[in-house]
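Take a look at these structures.
What follows is chain A paired twice: with chain B in the first complex and chain C in the second.
Up next is the complex of A and B:
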């Protein structure tokens, strides 16, 4: 009975979504204030019924209701309670409900935090998100209903949650990734609403920016958590494999990064308008593409839940409809979006354009490498190929190096026109110091000429020194340093933190790739293996009993330069209900290096195969992403975006229209193009 | 042509040149870095050049896994039930590697006809079979008649 209520709530959410998709949109078009005013209550209704639906699915898991097919497939009476609850997103149907609920959550957030925007614009945004909600819920009801029952012969016990998913990171990685992913639909809805209304001005960019920054920052965390999880769970010590399911979120992330930079130019200078809109559409399209790839059955991996072709066809159709429709709308409307076009060759606009080009090319190259095997298979009639990490590294690493070069210059350059003297005076010393220290430090530390390391350190110092130089010149005329630092806007600190995080992640990725060492050995109890200055002695294994698994736990005594350092306890687990073996690593994580041990299998004579790793700087990759995400959130939280009420926006538009000749002409373009007709 | 038009054109040309260079380089990098997949039958037919980096996949033949007792080396046979390929691997096999299960191995053929793997991939999940393994079995005509139990 209870699961049917969940299904019923889902159907109600579907009906409300249809009304939301139609009425407020029509109201905005006809200037009907009553219809417009329905947008917020309808949104709240959709969210409430999606929440009821989700809670009921969670309840079915907690109460072990194995008459529900999805619960029977993804849970088990022995499963710990925290995995029972989170198993909601442990499979295709439930994770799609969770995804849709996230969309509902973002919609609700838009309806609450949009007091500064005109109602008719909010109505359009919510209507568009309502259309997405219609598509998602219809998909669930038609092809993958999480409330489907196995009646009358329900299984006595469930098949258990995929053993590879039973980990703490499973509780936090999918929610953050979904939340970031779905957040891009907000920006998409903003972009489409702007295309429909013709209102694409500085105020629009200002409303849009916090949402874009927040979605992107959360996606950053989702990606980083996934990478961290793969690192310590999958057992091969890697943190990024250019796997076809990892790539789509990376593409979305890169396009999102391009978009938040382009939005800055749109807001401040009224340039790149149609480009920003196109990026918003592309970023959202890539998030749908990711959904399609992982759920169509084209791939096999932990992420590929569904292998039912009808689902793939549905998502592909939805993708074609949404993207095709947006692009048609874009083609009709974009020519009317006049951008300002007054900037010189060394202006910040040009550097942001370079940033955008690099990020878009990088995402296009990743897309090419991801889709190529599928296209190749379709064209050659079934010949299978794979595109490995060498391709992605060959493209991505040089592009990121160029990006790093520009990352130092961009923030220092000025809008509209930067004199070469200014750049020279700001950056000459920075460049000299970066090159000198970037070469000297690695050479002294390694007593060799490691080119990869030198490139990494020079680029890192280049960005960091330029950052300090920029802060110093910005606070130069303030009485004290503290007062100066306080006077800098929050969004500036957001940018600085995010760029700092980028440096840290870049340095961590490069240095750990260069300096990681590993060794696979077969050891009897009492034998040991040397790696670098560490010695790993295998002391034997003992059986361990977990809540729903049994394990062999090895004791590995690590000594450094002959002295005892610490013990590591990698495990080989067997999940009893599904019979699935998994590895659990023994890791000693430090700021400067990780020691990493993974247990293989036992041979007949009692020896165990195992791999030991020393991975310098690998933590920097994830610490850096925390800075990136925090920077994004900080930028989104800048009060400037919320204090800016509509009336002020219109007043400023009039002022700037009156003083057309004045330099800050960013606010006028398109402001009165037809948006505020109501 | 007005100056701002010229500038606009300049930027468009710059973007076009940049993009086509990038696409060209990507395609070049792609052509050098694709790994072709071969089924055991194709290997037996001598379609593979020794030393070329490829992928081979099929089921792990029952009773074919031989662990060395002294070193890490392990060897096993992968099969599409028509032909076999012996695979040698010095590393830790994935958790879900088991006899009678599908695997994909990355590496190169040696002159003596064994396949030296640099990486062995097993499926991540009990319920699914890798696209590549399934294709290999389909090609060998061994999927339809096979009882489900054989695949598990």
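Up next is the complex of A and C:
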């Protein structure tokens, strides 16, 4: 009975979404204030019923209701309670419900934090998100209902949650990834609403920016958590595999990065308007494509969900409809979005353009590599090909290096026109110092000429020194350094932190790839293996009983330069209900290096095979992403946006009677001309 | 439409093949081989990272738990010890399993687009960027004030008044007169 209520709530959310998709949109088109005013309550309704639905699915998991097919497939009476709850997103159907609920959450957030925007614009945005919600819920009801029952013969116990997903990171990785992913539909809805209303001005960009920054920052966290999870859970010592399921979020992330930079130019200077809108559409399209790839089974991967052709066809149809529709709308409207401002050939606009080109080329290349196996099949009539890390690294790394070169110049250059003297005076010393230190330090430390390391350090110093120089010249006129630093806007700090995080992630990724060492050995209890300046002594194994697994736990005594350092305890686990063996690493994480041990299996002679790794700087990859995400959030929280909202709200109140109906497009064009100067 | 159907049916066939043979597990594989030199060991790691396990879902030989992958790692080890070159090993893998096992696709007529596509994208991007910059340079900056306001926009506080050109002033006045919504318009221009 309870699961049927969940299903019923889902159907109610579906009905409300249909109304939301139609009525406020029609109201905005016809200037009907009543219809427009329905947008917010309807949004709240959709969110409430989606929440009920999700809670009931969670309840079914907690109460071990194995008559629900999805619960039976993804849970087990032995599963710890917190994994029972997270198992809600441990499979296709539940994760899609969770995804849709996230959409509802973002819709609710838009309806709450949009008091400053004209009601008619908010109505359009919410309507468009309502359309997405209709599509998602229909998908669940038609092809993958999480409340489907196995009756009357329901299983006595469930099949268990995939063992790889029984991990702390799994509790937070999917929510943050989905939240970021779905957040791009907010920006998409803003873009489409702007195209429909013809209102694409600095004010629009200003409304849009916090949402874009927030979604992108959360996606950054989601990706980083996924990478961290892969690193310490999958046991191959890597942290990014260019897997077809990892690539679409990466594409979305790159397009999102391009978009937030382009939005800055649109807000500050009124340029790149149609390009920003196109990026918003493409970023959202890539998020849908990611859904399609994960859930259609078209591409196989370690973490692809269940594979069912009807689902693939549905999502492909949905994708075609949404993206095709958006692009048609774009084609009709874009010619009217010509920016009216010029900029010189050395200006911040130009460097942002370069940034955008590189990011978009990188995402296009990743898309090409991800989809090429299918293109190849079609070209050759069914032959298979693999495109993997060697290809992606060969393309991606040089592009990021070029990006890093521009990353130093962009923030120092000025809007509209930067004199070459200004750039030269700001950057000559920076460049000399970066090259000199970037070469000398690695050479002295390694007593060799390591080209990869030198490239990494030179680029890192280049960005960092330029950043420092920029801060210094910005606060030069202030009485004290502290006062100067305080006077810098929050959004500037956001950018600086994010760029700093980029440097850290880049350096971590490059240096850990270059300097990681590993060794696979077969050890009897008491034997040891050397790696670098570390010695790993195997003390034997002991059986360990977990809540739903049994394990052999090895004790490995690590000593550094002959002195005891610490013990590591890698495990080989066997999940009893599914019979899946997994590795649980023994890791010692430090700021400058990780020690990483994996336990293999026991051989005939009683010895155990194991791999030990020393991975310098690997932690920087994730620490850097924390800076990136934090920078994004900081930029989104700049009080500039809120101040404007308050002011705007007061003024809106004054003129609300007059401007209740849609603002004529010609007026918007007029605002555009004047408004972009601000 | 036929293309899409074909595209799909191929994909589905491919999925079924994989599902039939896939082992989904995160159990780390540890082989222990003795190498004569460090260089051999590095080549072994490099090679088993660059070949795809032919019977698994997307995983390379070194991280794949399947028995086939273990056999192939042993085979690679044997060939390295026998002194075969990377090219010879690659040819062996290729002759036995086809292009599918190579994570670094060979450059052939069918993969030209794959390998040179990114360069084409970059060229296209540079060309578009160049045109945007050139057009923008021709379009004469409409206001002398804009650079000033841009600089101000770097700080938190936006300018209160905006100087606009005579042409824009005329246009604005015309629009304002048309719509008679002075307050609203001023809000948006004068921020």
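Rule of thumb we're sticking to: the second predicted complex is superposed on the first by the 639 of 678 C-alpha atoms of A that agree within 3 Å, B and C clash if a C-alpha of one lies under 4 Å from a C-alpha of the other, contacts with A are read in each partner's own complex, and residues count from 1 in each chain.
One rule holds for everything that comes next: a contact is a pair of C-beta atoms (placed from the backbone, for glycine too) under 8 Å apart; a residue touches a chain by one contact, two chains touch by 3 or more.
Source: prediction; values computed, not measured.
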Please indicate which partner A:238 is in contact with in the superposed arrangement: first for chain B, second for chain C, both, or neither. second
Should A:581 be classified as contacting the first partner (chain B), the second (chain C), both, or neither? both
Report for A:91: first if it touches chain B alone, second if chain C alone, otherwise both or neither. neither
Touched partner set for A:605, first chain B, second chain C, both or neither: first
After lining up the shared chain so the two structures overlap, which partner does A:203 touch, if you call chain B first and chain C second: first, second, both or neither? second
In the superposed arrangement, which partner chain does A:364 touch: chain B (first), chain C (second), both, or neither? both
With both complexes superposed on chain A, which partner does A:415 reach: first (chain B), second (chain C), both or neither? second
Comparing chain B against chain C, which has contacts with more of the residues in chain A? C
Find the residues of chain A that appear in the contact set with chain B and again in the contact set with chain C. 162, 164, 235, 298-302, 304, 307, 341-342, 353, 357, 361, 364-365, 368-369, 372, 376, 382-388, 390-391, 395, 520-522, 580-583, 598, 600-601, 609-611
Applying the document's contact rule, which stretches of chain A touch chain C when the two form their complex? 162-164, 201, 203, 233-236, 238, 241, 243-244, 268-269, 271, 296-302, 304, 307, 309, 312-313, 316, 340-345, 348-350, 353-354, 357-358, 360-361, 364-365, 368-369, 372, 374-380, 382-391, 395, 399, 414-417, 487, 489-490, 492, 518, 520-522, 572, 580-583, 585, 598-601, 609-611, 638-640, 644, 647-648, 651, 654-655, 658-659, 663-664, 666-667, 669-671, 673-675, 677-678
Quick check: in the complex, which residue numbers of chain A touch chain B? 162, 164, 235, 298-302, 304, 307, 341-342, 353, 357, 361, 364-365, 368-369, 372-373, 376, 382-388, 390-391, 394-395, 520-522, 578-583, 598, 600-601, 603-605, 607, 609-611
Looking at the complex, which residues from chain B come into contact with chain A? 4, 7-8, 11, 15, 18-19, 22-23, 25-27, 29-30, 32-37, 55, 67-72, 90-93, 95-96, 106, 123-126, 128-132, 135
Looking at the complex, which residues from chain C come into contact with chain A? 3-4, 6-8, 10-15, 18-19, 22, 24-33, 45, 49-50, 52, 57-60, 62-63, 98-105, 110-111, 113-114, 117-118, 121-122, 125-126, 128-129, 132-133, 136-143, 145-147, 149-151, 153-156, 158-159, 162-164, 168, 171-172, 175-176, 178-179, 181, 183-185, 187-191
